[in-house]
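Below: a set of structures, written as structure tokens.
What follows is a pair of complexes built around chain A, which joins chain B in one and chain C in the other.
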Partner chain A sequence: MTDASPDGFPPGTDRFPPGTRVRTYRHDPPHHTRLPRYARGKRGVVVEPEGPDELADVSAQGRGDAPVEQIYAVRFEARDLWGEGDHHVVLDLWESYLEEDPDDER
Partner chain B sequence: MARINDVGGTQGFGAIDTTDDTEPFHADWEARVVGLYNTLRAQGIFNTNEFRDAIESMPPAEYLAASYYERWFTAICALLERKGVLAPGELDD
Partner chain C sequence: MTSGDHHTDATIARRVRRLETLLEEKGLITGERLDEAIDAFLAESSSPANGARVVARAWTDDAYRARLLADGTAAVRELGYMEGSFQRLRVVENTASRHNVVVCTLCSCYPLRLLGPSPSWYKSEAYRSRVVREPREVLREFGLELPAGTEITVWDSSAETRYLVLPHRPEGSEGLGEEELAALVTRNALIGTAAV
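Coming up: the complex of A and B.
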């Protein structure tokens, strides 16, 4: 690829700009994943892109074809995760864990 | 199928031990396990995510009873068998 970054990874796609409301998938695969159980099917807001990396879920299976995806820092309100709490939690999540959460569905 | 390692936000595990512990190892074998890990990773026998997957694949009761580096050693042994470096049961003797 012509526009690869110096470390060999393609530049981030930035599909979700900072401030984008996203929803996590109810992602529950029978192998390693980096989307914790408490954050599945939850709503959050993108803080910023963190840079691309190989998708751990595929790499964990010993496969050489792991897609390289943007990783996003996503902010969740504690009460959205656990029903209480005034703090927030920021998780680094691969793009395929996320879908846009349109306002009209909220 | 969330695994036994995935307990973030779960109640019932007691208070987190926040004792300031600056010793990296508490027994020589623990340092050897880290040496094994570093060597096998550098040789490309497995990658970091496969290693994490192997730790998370431990039977829950075994996982909970094991110390941190006992989990590392269990995962390394499982991966060496899976990758054909060791024959199944070769470490049992």
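Coming up: the complex of A and C.
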């Protein structure tokens, strides 16, 4: 984690294989982002990579330096999002929205 | 909720009109050019019949179904849909014990090329905010009562990835051909707010 992407996130390296437990960042940026508020700071599990794309947080500002990162389908338990419910919600999230969430911290 | 949220729609329509007016005033677009673009788009996509044909093929051809679930974009292109699109399509399959429903909580991303223009309720704040939180109740309001044990997954779509629900093939449809099967598939079934 020596380098940082233009938004201060770790750079994208396609580093979460399916089944990886992840946690989303708690960021609340003053610009466009694709990490919905309801899923910030939440725990989920990577379903699979969806393919790389430009980070919308940067490209939506009209900047030409958006990093291309892996997007992952991440599955959340409703209970982890809302404190109740027995369904799941799957979101497509850029790699820099995610950090690994090791089991021993659960 | 099935009739849509007219108040919200009116607000959105006003905002869109205001944006159009500003863009026209600044000389960035003309009304004629905009109409041409919308007409061209609708001529190319425009109908849930496209999505229904994809489903009917999957119901009648196991190898196609497997390809559709593995790589939705490539599989719908086999049938001539979504050519030239940069979006990914992921197809999610309903079974007797599993149900999928699609939303876009951030805006209104939707597989237009397979379903035509989206229904007004899909863009309503009520649907977008509630279905991720209480899908069972929202589906009940659409008239879809799921058994208590049914596993529900909500797919929150984005500009990069669109979702299509592959409905559970109805009992008693064994003798039907592809066209008859396609006729059974509704737009709401392809979004996941109805069964077939």
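The criterion applied here is as follows: the second predicted complex is superposed on the first by the 92 of 106 C-alpha atoms of A that agree within 3 Å, B and C clash if a C-alpha of one lies under 4 Å from a C-alpha of the other, contacts with A are read in each partner's own complex, and residues count from 1 in each chain.
One rule holds for everything that comes next: contacts are C-beta pairs under 8 Å (C-beta built on N, C-alpha and C of every residue); 3 or more make two chains touch, one makes a residue touch a chain.
Predicted model, so just to flag it, every value in this text is computed and none were measured.
Following the overlay on chain A, a clash is recorded for the pair chain B and chain C. By the document's definition of touching, of the two partners only chain C reaches A:E50; chain B does not. Residue contacts after overlaying the shared chain place A:P30 against chain B, while chain C stays out of touching range.
In the superposed model, A:G62 lies in contact with chain B only, and not with chain C. Between chain B and chain C, more residues of chain A are touched by C.
By the document's definition of touching, both partners, chain B and chain C, reach A:Y38. Look at A:H88: by the touch rule set out above, it reaches chain C but stays clear of chain B.
Shared interface residues of chain A, touching chain B in one complex and chain C in the other, are 36, 38, 56, 81-82. Chain contact summary for the complex, chain A toward chain C: residues 34, 36, 38, 50-51, 53, 56, 71, 73, 75, 78, 81-82, 85-92.
Those residues of chain B that touch chain A in the complex are listed here as 1-2, 6, 8-10, 46-47, 49-50, 52-53, 56.
Looking at the complex, you find that chain A touches chain B at residues 28-32, 36-38, 56, 59-62, 81-82. Listed in rising order, the residues of chain C touching chain A in the complex are 88, 90, 105-106, 132-136, 151-161.
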